[in-house]
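Got some structures for you, see below.
Two complexes, one shared chain (chain A), two partners (chain B, chain C).
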Partner chain A sequence: MTPSIQQAVEEIRSAYPGHSVDVEDDGAGGAFVKVHDLLIGDQYVPPVSWIAFRITFQYPLADVYGHYCVPNLARRDNVPLGQGFSQQVWRGEPATMMSRRSNHLNPALDTAAFKLAKVLDWMRSL
Partner chain B sequence: MKKFSFTMPQTLYDQLMAHLFPGDGDEHGAVIAAGISQSAGYIRFLARTVIEALDGADYVRGKYGYRALTADFVARASDYCARERLCYFAVHCHGGSDSVGFSVIDADSHERGYPALLDITNGGPVGALVFAKNAVAGSIWLRDGVYPLQGLTVVGPNVRRLYSSRAHAPRGANPIYHRQSLIFGAAGQDLLNKTRVGIIGMGGAGSLVNEWLSRLGIGEIIAIDFDKVEPSNCPRTVGATHWDAQVWLSAKEWAPLRRLAGLFSSHKVSVGARVAKMANPRIKYHAIVGNITTMETALLLKDVDFLFLCADRAQSRLVFNALVHQYLIPGVQVGAKVQVNRDSGRVNEVFAVSRPVLPFEKGGCLLCNELIPAKQLQEEALSDEERRAQAYVDDPLIVAPSVITMNAVAGAQAVNDFLLGYFGLFSDSVNKGYLMQFCCDRQWSSVECRAVDGCLHCGKTSASAFARGDRAGLPCRG
Partner chain C sequence: MYIYCMQNITARTTEGHGPAVGEHAPLRRPAPKWAALVDDRVIPMPRRVVSVQVIRDQAEIRREFAVVRKYQSRSDVVLKNDAEVDLGEGNVFRTVPAREEVSAGSCSEPAKLAYVVDDEWEVVVDPRQTGQTLRRLFELPPDVELLRDYESPHDEPIADDEAATFSDGPVFRTQRVLITIKVNKNEVKFKKRRVTGLEVKETAIKQGVKIELGFVLYRIKRDGGLGPAIGDSERVVLHECEEFRCVTPDDNS
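Up next, the complex of A and B:
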């Protein structure tokens, strides 16, 4: 892993104390990251999920895109999940993908930890 | 014998000259903090910061000589270099213009101070430079010895070269280069013969640039491309034959025969090597079948004199931009684009672009000018399987339109810019921006370049890789 990605992983661990964080080298200098037991919102079934994503080797200049959580995520009120959600595959396993792009990415601000926080904020706001 | 040189961005050189030669005829001092690029038998220092010594406070009457840096200033500057992992170079000026050298007192002071500075800066290297208005001499201190500086290159729109005394001009140019040596001189032709150029991407634009550089008499080319020639490349790839593309096998109905075409076709860099050697049989040519996004391949370019980017992927742009700023190599991005409405098939716009990218503020950094999209970088890093999982749809039947003459417009502008800048022929008021030709309107347009505070390539914050050379990582696959 590049020093930038090691730093990103440390920031994620610091931002989510008490949550287990799995990190695996992606073989190209980047990392696969999975943060466990995150509250995604009481409006969802389940309300708590892991969230996984890949930090590619060009980080922090590349977007951290494609955040995944449990497969078949649903809303408690049975309303469809709507735009930004789709059923995809995370490392060979079914998963729900959240599609949130960072337009005009600022590498100093748009860290992997900040992006995860933004994805969680967005999910909780729906 | 190791060889040592220095490279300095124009803006930093201007700052240093204004400090050393303010017009009072007196002696002034400073420290240059520099990155380093090390190759076998060759070390190049890369000026990142000038720390000016304040007259009377940091640069005072000396115990042994006329003036000296104070111990406190040396401690502060060397501590900064140690923290930033940069090399320490003490600088002062002498009178005179076209030749310069250290005095005996200078050399004695190096003997007294530099062994300790090597320890303070974690092995350095450290050294000293002495400037006259048009000359520089240097002494480089390593743990294994002391070495002279060969010369200093200033990289701006014009490239300028400084030595300890005037170089001897060669007697005459090779007669085959007579017409162009009437512009560049015999010394210029000799310089071209000693020049190393890198070309990233040997498709339509790259193959043209490759032939022109070879015909100009460039001494060494490092060409990088992993691709092979396909039948549809033949109309644009200079020198590519139907045999290179295995056109006869590609047209077979039986799929295994078509696959053989891919196996037996030539790499684009091999075609480039053939073209270059036809143009200049004495050229030293490195045909690299490789991907610029791998570290091993990218590092082959870290000490070229000029870099052409003729590939259009965001990852190639990122590595090129990093090489320019981290290793202070002047470069240019070349390309042409045809925008077609997918539904109607109508041509919306055709443009050819030549973007100089020079290692100083507002020099054309591709990151600052939003030409390396974060989204595209992320997409290109994924495997085909991952791209499918993220629901990207690649249709192999949809390819970008491309025409050799449009590549030629952009390529010719870029090679002209290289030549004029390399020989210092640009005027002081030269337009430093990107140039675009909107072909359908027959209009040239200039785009002024901007700089973004805190840029990781061209900025000056601690996080920036600017002029750090080997002491920062390139954005390549690990």
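Up next, the complex of A and C:
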């Protein structure tokens, strides 16, 4: 892992105290990260999930894109999840993918921890 | 000519630190400061319930004058020297010649209440004021905050929408606010403590922080944790040295 990614991982641990964080080297200088037991919103079944993502070796110049949570995530009101969600595979396992792009990425500000925060806010706001 | 009514105030127990009313508020909060307004002079009082003699002593009322509690109507009440008065029920007094003839009255009108801010006073009859109504009453500028004055160094800021009930203490003070926070590691100074998320961004931009109004605002907690994003219309209370981060928004891809 590059120093930037190690720093990103430390910031994630600090930003989500009380949540266990799994980190695994991706073999290419980046890392696979999984943050457990995050509240994604009472409108979902389940309301709490892990969220996983890959920080690539280009970080912080590259966006942290593609966040994954439990497979078959559904809304409690049975309304389809809508744009930005899709059923995909995360490291060989089925998962629900949230596709949120930072089109105005500012490498100095938009860290992996804040990207996760924005994904969570977006999910909770729907 | 005023009509006075004699108020028969029951003597109160004075053991220990006196009656509980206002002496020491619940939850071990310090006692609020009290004051009486006597002949349009603010006289500091040691506690909420005091004897008329204490008022006489502190206001230096001469023997030939009696103390009268002022009511909204002209039915003011002459107080006996050995009586105790609960200032929480009215703290506005005047003096009249003791030899003046006293008539009975009904005393059904509310007593006048003097709120004191920075030793200035205003009289009201409604005890249910708020931070906002007091700010208007005393024409306080926006860059000062209102604090309830306690018998301790830890006075309590009163928010605009917060109750400033008379019985909780009528004495307040103000202080100028200058709070420095950090937005994206840049110092930003504020002249008020309660602001909206949008005001945080606007003030930061005015002070040179390279963000845009469309950015997403987060507060970084003391332990480094991140709370949810702060909406533009959401109200936040700023504390010295707090850190905020303002980042670009995302889009669906």
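Everything that follows uses one rule, which is that the second predicted complex is superposed on the first by the 126 of 126 C-alpha atoms of A that agree within 3 Å, B and C clash if a C-alpha of one lies under 4 Å from a C-alpha of the other, contacts with A are read in each partner's own complex, and residues count from 1 in each chain.
Please note the rule applied: a contact is a pair of C-beta atoms (placed from the backbone, for glycine too) under 8 Å apart; a residue touches a chain by one contact, two chains touch by 3 or more.
In this text, all values refer to a predicted model and were calculated from it rather than measured experimentally.
Overlaying the two complexes via chain A leaves chain B and chain C side by side, clear of any clash. By the touch criterion defined above, A:D121 reaches chain C but does not reach chain B. Our angle of interest has its tip at the CA centre of chain A and reaches the CA centres of chain B and chain C; in the overlay it is 110°, to the nearest 10. In the overlay built on the shared chain, the residue A:A113 is in contact with chain C alone; chain B does not reach it. In the superposition on chain A, contact of A:T56 is made with chain B only, not with chain C. After overlaying the two complexes on the shared chain, residue contacts for A:C69 are found with neither chain B nor chain C. In the superposed model, A:R100 lies in contact with chain C only, and not with chain B. In the superposition on chain A, contact is made by A:S86 with chain B only, not with chain C. Fitting both structures onto chain A leaves chain B and chain C with a minimum C-alpha separation of 9 Å. Comparing the two interfaces of chain A, the one with chain B and the one with chain C have residues 65, 101-105 in common.
By the touch rule above, chain A contacts chain C in their complex via residues 11, 14-17, 65, 83-84, 99-106, 109-110, 113-115, 117-122, 124.
Interface of chain C with chain A (complex): residues 184, 216, 218, 223-226, 228-229, 245-253. Every residue of chain B that touches chain A in the complex is listed here, in rising order: 315, 318, 367, 370, 372, 374-375, 377-379, 381-382, 386, 389-391, 454, 456, 463, 473, 475-478.
Those residues of chain A whose C-beta lies close enough to touch chain B in the complex are 1-3, 28-30, 54, 56-58, 60-66, 86, 88-90, 97, 101-105, 107-108.
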